[in-house]
């Protein structure tokens, strides 16, 4: 696969790993947060931990849309799906996320709700056209990468005159979340960070500019990186060098796809259909101002929240679940008492055990052999 | 089973058979038509032929509602069933009747039409109540016995305010059919009859009076008889005696259930909902005046013919099928070239091979071992 | 090496439902199989957890059979689809005179099916298997989307060993052979129909579903050399089975209506539904064709077994190239006993 | 006695559809079985028309297995549900080192299913059985109402005979044993997915569905005494199978990503779908665990067989009470290879 | 199509319905087409409706006639 | 959720759609979010839409940087 395989080359990786090992100072920790779940997944999937020095630690950030969706909104989606007239279309990642009372879309589906896993908003549109008697609701979720396809679907539905298509919008904004992390008040639990691996595909849409504010204001190096493992290795090397040099700037490792301005057409499409919400609840981060989108009034006829009169009721996370602290970078999966005992991908107690980009799922699926207990035993 | 088993007693049967055998005159034929399919079925099912003298022949009449339904009306029902909004409810007997192009309700159902076999109009009403989004059409067919339940269902639907229930009415009248038989112009094919076994359950509704006209005008003895085999034997004995005595009157063997006036409440119910059609097509008999019912205008909202704008197109019977002549009593099943070769209950070519009251089906299912060819071979 | 700590929570057998993950070949499926099937079928061969069972068999020819079970409703008076799936396949082995040994079970589950019902079904299967002396040694589970099945379908296959010298087959009936039935006919079909929602009648009739291998063992021990064939008159009832055999053996059959054992309630239910008990399914009955000289002895032996206490001689075979099954009616006339065509009530097994 | 005249018209295999009468146990069912199944499976045992087949078996222990087939779509590049139902069950027998002998087949048909499709499926089954050297000796047909199934489901069971002295089982792997795979992985799952309407991608990939008993016979002949176990990595893919065996044998497994044979198109399709080829189903592949000293020889023998030409050594067993399956990635790091949980694409077999 | 069978009324229910029995088999049917039915009466059941009451005296009379017709002959 | 992969455009279709290929696997995707795409271009595919064109020169540059970063070390 051109432009893929080259960035998974093990020989190059070992070279970069050696360079990193050589360049890190033994006398200090390097604590980098990869914001995106895509990076979290790549780190776990390719076993990057094995290639990094002991004193360099990757901290998983909140950049997993499935993980940060609050329980109340998931409950809303389940309720929508259970309406007899509704066909809910969703990306597969959301199916097993636990809502209140152990319910999930998977279980609601087994219970009889009409829920379809789709690969694209194009599929949801097609279903709406094929089933005019059904109310097809697309469960819109994701960061700036995933928002433009939702916007386009709404524009397309308008063009086609569809009366049975709507979007339940949960699209959120990356910069707001980064702000919530770096701008959090200092405190016992606040995790010290030496830099960020910046989003890959989010950045293809929004460009590199939005990160400059963080680098400047909070003096944190940011390196935007692709999702291939060599991209991540290289970004880490670039962060190590910034730290070592005492620099704090936005650098772009993913130049083959990310520009300073991003994809203006995508940005315009989104701006046409969506507008900022004043505030939105994030799992782990709480209410974050200006951090999410909703449909503009001009597109109210496609807004599932309006059509079905959705009033989100805040719902409690499982109190034993540490997803919140993990999403803030304060804890690791193995710090959770439920990890690997009652909480596994088959019976997830929190959202981080569901998405393959979630910290708990990634660690369970790829990395748990490294846990000291397991090392000892084997 | 009280009032059932007593009338199936083999010892009594042999006694009556002996009396019949003794009383028939060897020098003349006795040709009696049992009008009803119910009698046809009893004769075949209990092997009555084995108990009757050689010169006494039972001729099967047109009293099988399934058999006399013309192909055009069956095509209408199939068309109704194929409408996406329609659930067609039908008595099971009609499922395999061949319409045009080898189609049948069974095949239409396999093709995806929503067709339900019901035991009662009560079931059809229940389905209509349970599925308000479906248009439930009851395929109404039958003689005076079966018409009152259809009338009641319509009254009940009106009372319940059902907007999704209707009847496709094919109810026909027994006296008109008897008239068509006895009043047919003399001709080469007209079959000479010495008397009638009159309807059992039709007569519970209409009483004995309507037959008096035939006995008088055409000098034909009529004995109304129950459907149990002893009832039939006894009626035959009574007919033999009338013939021998030169009498032609209406006698009632089925006094335990049939009165002179019949069931007035049932008659009124029918009269309230239905009115005479000027003419109606019967398979075998052709167009017969005043021989069938349709819904009164006051109940137009329950009339499937009006709701779905049914315009029956006359359709050809299979030209090789002798059902028509058989229904007129002119031919026997074995006179048909298709009997037992291409036409069997699995692949019926005509309606008489479908209903268990049809002459061809009854002979195939119960009696074919008597055919000379089969006797010879075994 | 220590055993790994237990990771999964137990299945929720009270309110849980089958979902697609239970058929995906992963840990959820392994758990379902472990907690429901392995638990109830408990035996050494199944416990090995291989994709097949391997075992030694006693000498003799083998019999092999399969049936799919789609009965509706799944639970009915006298049994459920699980017990039925064991009895039906055990019986098809027993009808060859075989001693049933092992069964396999393939489950097709519909998304949304209650785990509690599945557990009840598996429990019945386990109990029926133990009672019949067979093991369910291998199995398979698939899950299909809601609306692509009807709760659960089960296909069982079975093998058994046929004693040397015994050769029962549908083509072995000869003119003169006597025909016996092991008990009252139509009980299973009527029990199923009585529990169908749209038929709505009330009876005390239970399905006769039972494993017949014990009865058959007694019959073979007493009259093995005189037996021509055995068959269980399931779908299509006695009528279908007699017609099948007449065709296979190139004979005719003559039976007596008065000799047929029919419970009065079954006769009444059939009367209400316009059915003939001869066309109604049985699940714990057999018919035997036997040389005339051994008929009375066989009848005695059958009547000594609890499952044959109502056994009766119902007729005999004749020479007839038309393969007619004829019956002398209790009324005194003759009639054909034909297969029922068309709208038989579906899914009685 | 003359033969009775032929009564029924032939089935309409062009435009005919399955209706409820085809499952009612009457003449319509007999015709369906005769003209579609008996016709295509043609063999002496099935032709007897009994409810079971009776036959002699060669000496040795017996293997028995079953699988239900619910694949969607029914026809896919490289096969259909019929060939799959033969290959899958033959392979589960072969994985015990057994020589497959006989299969049973239970069909659950949905009202309205085209007879033409059923005939195509039966034809494929017959051809696959002949090719694998097995007979379909007994069967069953049920018809359920429209909307209660999905066209056709098939459950096959099979028996085979295991040569004396051979004892392959999932619990026999020991630390140090070497693991081989017989060819490229993921082909079947990708072929199925490419034919799913809602996935819509185009490949030239065909299902690898094939009967492996020939390959296994060669392997057993050459290295029988050193073989620990064989298994076909079907549902859940290689990952599920390795985890199963690690658990059964109480060992750990270590494999090398670079050693895994994966077709570039399969890798690309997986990339597009966000799947790992390790989790994707195969139907004509096996993995073998073998004593280390025989590994190279076994590899040679496998590569000489057409179905093993891409065989490879992929890893080895280690002592590990956690039963971890670990992989050295081509990138140089380590990872667990876990069962896939949740929304695996359903109904690949 | 016109098949019907005598059943005994065992219980009168609301809405002109009744429970009937045939040799221990129970069923709920409609009495909407008949009048003056009491528990113990036999009615003729057709497609879920009682068509008529059965007259026990006339039934007895018929049986006597049947017996007589046969006896005469022997 | 943000996973995306570079694919090559093999054919431009009506309605802003295109056929793309990834190592011989073909798929139809939407080009509605990108501009000036020609056959032969690589685009980054995400949930059925091209998100961006991939810049071959920058890709080459990155590979050189990667090689360099590794080489320095050895």
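Every chain is named by a letter (A, B, C, D, E and F) in the order it is written, and numbering of its residues begins at 1.
Quick note on the criterion: a contact is a pair of C-beta atoms (placed from the backbone, for glycine too) under 8 Å apart; a residue touches a chain by one contact, two chains touch by 3 or more.
Just so it is clear, the structure is predicted and the values come from calculations on it, not from any experiment.
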Steps needed, at minimum, to go from chain A to chain E via contacts: 2
Shortest contact path, chain B to chain F, counted in steps: 2
Maximum centroid distance from chain D, chain identifier (CA atoms): E
Same or different residue numbers at the chain C/chain D copy interface, by half rule: same
Label of the chain whose CA centroid is most distant from the centroid of chain C: F
Whole-Å separation of chain centres (CA-atom averages), chain B against chain E: 22
Centroid spacing, where centroids are CA-atom means, of chain C and chain E in whole angstrom: 37
Averaged-CA centre spacing for the pair chain D and chain A, given as whole angstrom: 38
Sequence positions of chain C contacting 2 or more other chains: 1-2, 20-21, 26-28, 264, 267-268, 271, 274, 319, 321-322, 341-343
Interface hub residues of chain A, defined as touching at least two other chains: 1, 4, 13-14, 17, 96, 106, 119, 123, 344, 346, 377
Contacts with two or more other chains, residues of chain F listed in rising order: 3, 5, 22-23
Topology of the chain contact graph, where touching chains are joined (line, ring, star, complete, other): other
Which pairs of chains touch, using the document's own definition: A-C, A-D, A-F, B-C, B-D, B-E, C-D, C-E, D-F
Contact set on chain B toward chain D in their complex: 106-107, 109-112, 340-342, 344, 346-347, 377
In the complex, chain F residues that touch chain D: 3, 5, 7, 22-28, 45
Residue ranges of chain C touching chain A (in the complex, touch as defined): 1-2, 5, 7-9, 17-21, 26-28, 31, 111-112, 146
Parts of chain C lying in touch with chain E, wherever the complex brings them together: 200-204, 264-265, 267-269, 271-272, 274
Partner chain C, residues of chain B touching it in the complex: 1, 4, 8-10, 13-14, 17, 44-51, 92, 95-96, 106, 117-119, 123, 229, 344-346, 354, 356, 364-370, 374, 377-378
